[in-house]
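Next come two complexes, and both contain chain A; in the first it sits with chain B, in the second with chain C.
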Partner chain A sequence: MSLLHWAILAPFLMAVFVPLIHKRAAAIHTGWFVLILPVLLFGMFLQYLPVTRENSSITETASWIPSLGINFTAYIDGLSLLFALLITGIGSLVVLYSVFYLSQSKEKLGHFYVYLLMFMGAMLGVVLSDNVITLYMFWELTSISSFLLIAYWYDRERSRYGALKSMLITVFGGLMMLGGFLVLSLMGDTFSIRELAAQALELNKDPLFGLAMILVLLGAFTKSAQFPFYIWLPDAMEAPTPVSAYLHSATMVKAGIYLVARFSPIFAFSGYWFWIVGAVGLFTMTWASFNAVKQTDLKGILAFSTVSQLGLIMSLLGVGAASLHVESLDDNLFITAVIAAVFHLINHATFKGSLFMAVGIIDHETGTRDIRKLGGLMSLMPVTFTLSVIGAFSMAGLPPFNGFLSKEMFFASMVHLLELDLFQMDTWAILFPVMAWIGSVFTFIYSIMIIFKVFTGRFQPEKLEKKPHEAPIGMLVSPIILALLVVVFGLFPNLLSYSLIQPAAAAIVPSILPPGGQLDVHISFWHGFKPELFMTIGVIVIGILLYKLMPKWIKMYDYMPGKVTLNQLYNASLYAAERGSNAITNSYMTGFIRSYLMYIFVFFIGMLGFTMWAKEAFHYDASAAAPIGLYEVSLIIVLVIATATILLAKSRLTSIIALGGVGYTVSLFFVIFRAPDLALTQLVIETVSTALFLLCFYHLPKLSRHEEKRRFQAGNALVAAGVGIMVTLLGISAHSSKFFTSINDYYVENTYKKAGGENMVNVILVDFRGFDTLFEITVLAVAALGIYGLIKLRLEKGGETNENK
Partner chain B sequence: MKTNDVIFQTVAKVVFFMIIFFAVHLFFAGHYYPGGGFVGGLLTSGAIVLLLLAFDIKTVRHGFPLDFKWLIGLGLLFSVGTAAGSLLFNVPFFTHAYNYFQLPLFGKTSLHTAMLFDLGVYLVVIGVTMTIIQTIGESE
Partner chain C sequence: MEILMCIIAGLLFAAAVYLMLSKSLLRIIIGTGLLSHGTHLMLLTMGGLKTGAVPVLGEHASTYTDPIPQALILTAIVISFGVTAVFLVIAYRAYQEIGTDNMEQMRGMETDD
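So, the complex of A and B:
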């Protein structure tokens, strides 16, 4: 266990003590105590910057299940460090924000910070794990803690619905991912991601490679809310706003991005990876930005915008895979895509975090998040307004904010695709920049919507629950820091170039690096009149135009079929699954014992028949058969008649007597086949059981005592005949194929010699195999006590249950 | 009209002993001839059932003032005790021992621990049968 391990486990340890702190120090907001930890961790992770700058990495291993090769291996390279810094950095700001957002007296803060710390630790574990099994464990922990956080206000129905939805979808993806990991580790014979990446080229040729890729991608897409799995994210907005800011914009949804980036060295050589990741990402981006415009809830807009931005990053990672197929590093344009992905990842975390916090402030201070009720808040909440403008303009991709730079790089990468002659891109390549551009137009529209619908226009105090005013300074600190970062990264993007972006990008596409070399990451603010600049200008112009004309075309959304949305599909499929499984269960669980007996017998016939047929198990060999005498034949005739009488008798009494007849005939069989002990016992037992049957008959309720012929049912007859035939066949073939001699010679020889008896049956019963007898008499004892208990213990009210009285 | 079962009752009293002796014979002969604890026990209870039919539950209970459920426990104790007794002599569970003895009156007789085990079976069977029949008979 090294310091790194303790850093991952520290949030969990802290979570243990949070309830205690919350109880003991009730006067001070619990968040202040929690705040210390992420700040410390952030400081600690900063110290790794010089290490990753040189593209070197740190690996620390602690044994967990060494016999299975599962170790808790912490691994820090540029990519993990970037994520670790995001998690702890934004984590600190979110905790600070939550101190002012959530009230110490009204909310269950003990729960909140336990879940939040759990989540933080799990997220750190995801990004710092090298072992896929450990990664999966932390992955599911993020799902669980996110589930708890979404349903934090568990008395609201929508919260529970959202939590359940996100749980079902992300856990589905998580399980798929586990499958992918297992396939991968079977192919590569190791659980370590680095060792898997080292044999990426061999893995590519494996027939299971495609399966592993799809499964891992399913995990990434569900977590990162890609199409069509994005539906959980808008419903997860029921969580408290600090949670939305932290989980659903900056960290958890980026776990999928991290996964794609982390597994890029393994999968990215495949053309399918390029296509799937790139196309799904781009489609998600366009689709979600298109849908964001129609939202009226501020958090709804931000949720869809998060989905859209995640799609953007995802598509950049997919397109970046093309860089592996371009030979020289110097004119490799697709490396831009990887760098843009990393850069936008950082940018998105900053501006989306600040936007969520700003929305949280608006919600907190006005009591609503509905943009139809809000308006004219500019002069009332100037600081929030400024924050929102910075965040939204950065999101829209306007200069001088950092979103502008990453959006430019995004366009550049998409335009470069036109030059690519790989993967049948020549015909479809044009779709990429076009879709990217359309998506960006809608991004622009909803971004300025946030500003203009909320802060300008008419102030409608009558619709608001509270009198709006500026938020307390404590609540503003975190978004101010994030907004400052947006501006700073926008103005001085190269602050990050070599410290964070280059190592992270190098970790995503390590194979194109020359040994010991570095990628050339220089983000220039002005790069001449390139196509991407004109695209941005086009976005702005068309965006403003469309925004102005919005009342004209907003009705378009009404024409979208409401019935065929993915949410509808999700709800309907849950409903159908529930109804379907109910129907299936009800269809065979009839509650009638005859149905269940039918299943058992049919299964018996089927299995036995199939085995006999498939294994050719039926034998007939009469050589071991004994001659049949007159007595046997006549007894058999009696037996058959008696049995038929049981079946055909009208009265139960006849059946009972015929059953007695069967029993006595059997005891006669025992006489003929020289089994005197059996004959004796059979006689007495048959007498007793017939007497008991008569007793039962005597006590039948009068209603059901009337005589009736048993109805003939073809199915029953068929099954009965089948069972009879099967047992007969089984008996014949078992008798025909004796493979070894019986052990009865031993008994014959030793009954007198060793056991001092002459009745072999009895000697076997009490001596050679007395064990059986011991427990048979125990069975008898249990039966007797059971009958005694059943009859004597009548606990029902009224006691008397005999209907005849 | 009150029925008078005098013939039945008288015969039952005589036949009872015949059945009992036959049952005891079956039990003791078990190791050498057909019979044994199980059949012996069943026949013994058959004899008691005959008395039950001829008289009634109260009378029979007066004649056999014992709770048959205890007989079950006693029988199981005998059986398990016999089987476990072998452990005292440092041989595996359920090892029987026998030897021949010159007894007065009986002459040369074999005594076998299997007999004790069988006695357990005998008692359990009587107990079980009688418990079932008595319980059902008493229930309304």
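So, the complex of A and C:
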């Protein structure tokens, strides 16, 4: 266990103490105590910057299940460090924000910070793990803690719905991912991601490679809310705003991005990777930005915008895979895509975090998030307005904010695809920049919608629950820091380029790294009149035009998505699964013992019949059989008559007596077949049994005592005949194929010599196989006690223990 | 003889299964009684019905009937008697408490209300 391990486990340890702190120090907001930890961790992770800057890495191993090769291996390289800094940095800001957002007296803060710390630790575990099994464990922990956080206000129905939905979808993806990991580790014979990456080229030729890729991608797409799995994210907005800001914009939804980036060295050589990741990402980006415009809830807009931006990053990672196929490093244009992905990842975390916090402030100070009720808040909340403008303009891709730079690089990467002659790109390349451009236009529209619908226009105080005013300074600190970062990274992007972006990009595409060298990352603010600049100008012009004309075309959304949306599909499939399984269970679980006996007997006939037929197991050989004697035949006739009487008897009494007849005939058989002990026992027991049957008959309730003729039931008869035939065939076949002689010679020889008895059956019962007899006595004792209890204990008569009433 | 006994055992099984599939609790118990008779006869048959002496050494015979199946059957008879007795008393108590012996009416409580 090294420092790195303790850093991952620290939030979990802290979570243990949070309830205690919450109870003991009730006067001070619990968040202040929690805040210490992420700040410390952030400082600790900053110290690794010089290490990753040189593209070197740190590996620390602690053994967990060494016999299975599963170790808790912490691993820091550029990519892990970038995510660790995001998690702890934004984590600190979110905790600070939540101190002012959530009230100490009204909210269950003990729960909140336990869940939040669990999530933070799990997220750190995901990004710092090198072992796929450990990675999966932390991955599911993020799902669980996210589930708990979404349903934080568990008395609201929408919260529970959102939590359940996100749980089902992300856990589905998580399980698929586990499958992918297992396939990968079977192919590569190791659980370590780095060792797998080292054999990437051999793995590419494996027939299971495609399966592993699809499964891992399913995990990434569900977590990162890609099409069509994005539907959980808008419903997860029922969580408290700090949670939305932290989990659903900056960290958890980026776990899928991390997964794709982390497994790029293994999968990215494949053309399918390029196509699936690139196309799904781009389609998600366009689709979600298109849908964001019609939202009326501010958090709804931000949720769809998060989906859209994640799609953008995802598509860049997909397109970046093309860099592996371009020979020379000097003119490798697709490395831009990887750099843009990393850069936009940072940018998105900063501006989306600040936007969520700004929306949280608006919600907190006005009591609503509905843009139809809001308006004219600019003069009332000037600081929030400034924060929102910075965040939204950065999201729209306007200069001088950092979103402009990454959007430019995004366009540049998409335009470069036109020059690519791989993967049938000559036919499809044009679609990529076109879709990227359309998506960006809608991004622009919803971004300025956030500003103009909320802060300008008519102020409607009568629709608001509270009298709006500027938020307290404590609540504003975190978004101000994030907005400052947006501006700083926008004006001085090269602060990041070699400290964070280059090491992370190098970790995503390590194979094109020159030995000992670095990737060339230089983000210039002004880069000449390139196509991407004209695309941005086009986005702004068309965007403003469309925004102005919005009332004219917004009605189009009422017709566009049609009746079947993905949410309805999700709800309908859940409903169908529930109803379907109910229907299946109800159809065969009838509650009648006859049905269950039917299943058992039919299965018996089917299994036995099929086996005997398939294995040709039936034999007939009567040569070893004993001759048929007159006595036996006459006894058989008696037996058959008695059995038939039972079946045909109108009254129960007749059946009982006929059963006695069968029993006495059987004991006569025992006499003929030379089994005196059996005959004795059978006679006595049959007598007692018949007496018991008669007792039962006598106590039949008057009501149903009237006896009716048994109706003949063909189905029952068929099954009964089947069972009889199978038993007969089995008996004949077993008798006709004897493979070895009996061991009875031993008993015949030694009954007197060793056991000192003459009656072989009795000696076997009490000497050779005495244990059987011991437990048979036990059976009788238990039966006797049971009968005694059944008759004596009448608890229900008292009426107190009858729980069915 | 063994072939014939196999057929007889099959017949007993068929009758037993038919009874067990009926509605009346008493007939089901009668069915189980028949089923154990069929099983015991089958056990005896599988041990071989060759004519030999009764398995008691005093006979001084050259061949004896196989004693092992007889010991097994003796155990089985006693156990099935114990089970049948408990079963019958349960049926008797059920008559007393529920007032019916019709299996169709003895469905469990509906749990989903």
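Everything that follows uses one rule, which is that the second predicted complex is superposed on the first by the 792 of 805 C-alpha atoms of A that agree within 3 Å, B and C clash if a C-alpha of one lies under 4 Å from a C-alpha of the other, contacts with A are read in each partner's own complex, and residues count from 1 in each chain.
One rule holds in what follows: contacts are C-beta pairs under 8 Å (C-beta built on N, C-alpha and C of every residue); 3 or more make two chains touch, one makes a residue touch a chain.
What you see is a predicted model; the values in this text were computed from it and never measured.
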Query raised in the report: After lining up the shared chain so the two structures overlap, which partner does A:S689 touch, if you call chain B first and chain C second: first, second, both or neither?
Result: second
Requested in this report: With the two complexes superposed on chain A, say which partner A:L647 touches: chain B (first), chain C (second), both, or neither.
Outcome: second
**Report entry** Residue contacts with chain A in the superposition, chain B compared against chain C
**Finding:** C
Query raised in the report: Once the shared chain is lined up, is A:A720 touching chain B (first), chain C (second), both, or neither of them?
Result: second
Query raised in the report: If you stack the two complexes on chain A, which partner ends up touching A:T681: first (chain B), second (chain C), both, or neither?
Result: both
Requested in this report: Mind working out whether A:I791 is in touch with chain B, chain C, both or neither, as first, second, both or neither?
Outcome: both
Query raised in the report: So, A:W428: does it touch chain B (first), chain C (second), both, or neither?
Result: neither
Query raised in the report: Looking at the overlay, does A:A755 come into contact with chain B only (first), chain C only (second), both, or neither?
Result: first
Report task. Name the contact category of A:Y631: first (chain B only), second (chain C only), both, or neither. Result -> neither
Requested in this report: Answer with first, second, both or neither: which of chain B and chain C does A:F610 touch in the superposed model?
Outcome: neither
Query - Intersection of the chain A residues that touch chain B with those that touch chain C - result: 676-677, 681, 685, 688, 692, 695, 757-759, 761, 765, 773, 780, 783-784, 787, 791
**Report entry** Interface residues, chain C side, partner chain A - complex
**Finding:** 1-24, 26-30, 33-34, 37-38, 40-42, 44-58, 64-68, 70-71, 73-75, 77-79, 81-86, 88-93, 95-97, 99-104, 107-109
Query raised in the report: Which residues of chain B touch chain A in the complex?
Result: 26, 29-39, 42-43, 46, 69, 72-73, 75-76, 79-80, 83, 94, 96, 98, 110, 112, 114, 117-118, 120-121, 124-125, 127-129, 131-132, 135-136, 139-140
Report summary line: chain A residues touching chain B in their complex are 676-677, 680-681, 684-685, 688, 692, 695, 755-759, 761-763, 765-767, 770-771, 773-774, 777-778, 780-781, 783-785, 787-788, 791-792, 800, 802, 805
Query - chain A - residues contacting chain C, complex - result: 591-594, 597-598, 601, 622, 624-629, 632, 636, 639-640, 643, 646-647, 652, 655-656, 659, 662-663, 666, 669-670, 673-678, 681-682, 685, 688-689, 692-693, 695-697, 699-701, 703-704, 710, 713, 716-717, 719-721, 723-729, 731-732, 734-735, 742-744, 747-748, 751-752, 757-761, 764-765, 769, 772-773, 776, 779-780, 782-784, 786-787, 790-791, 796, 804
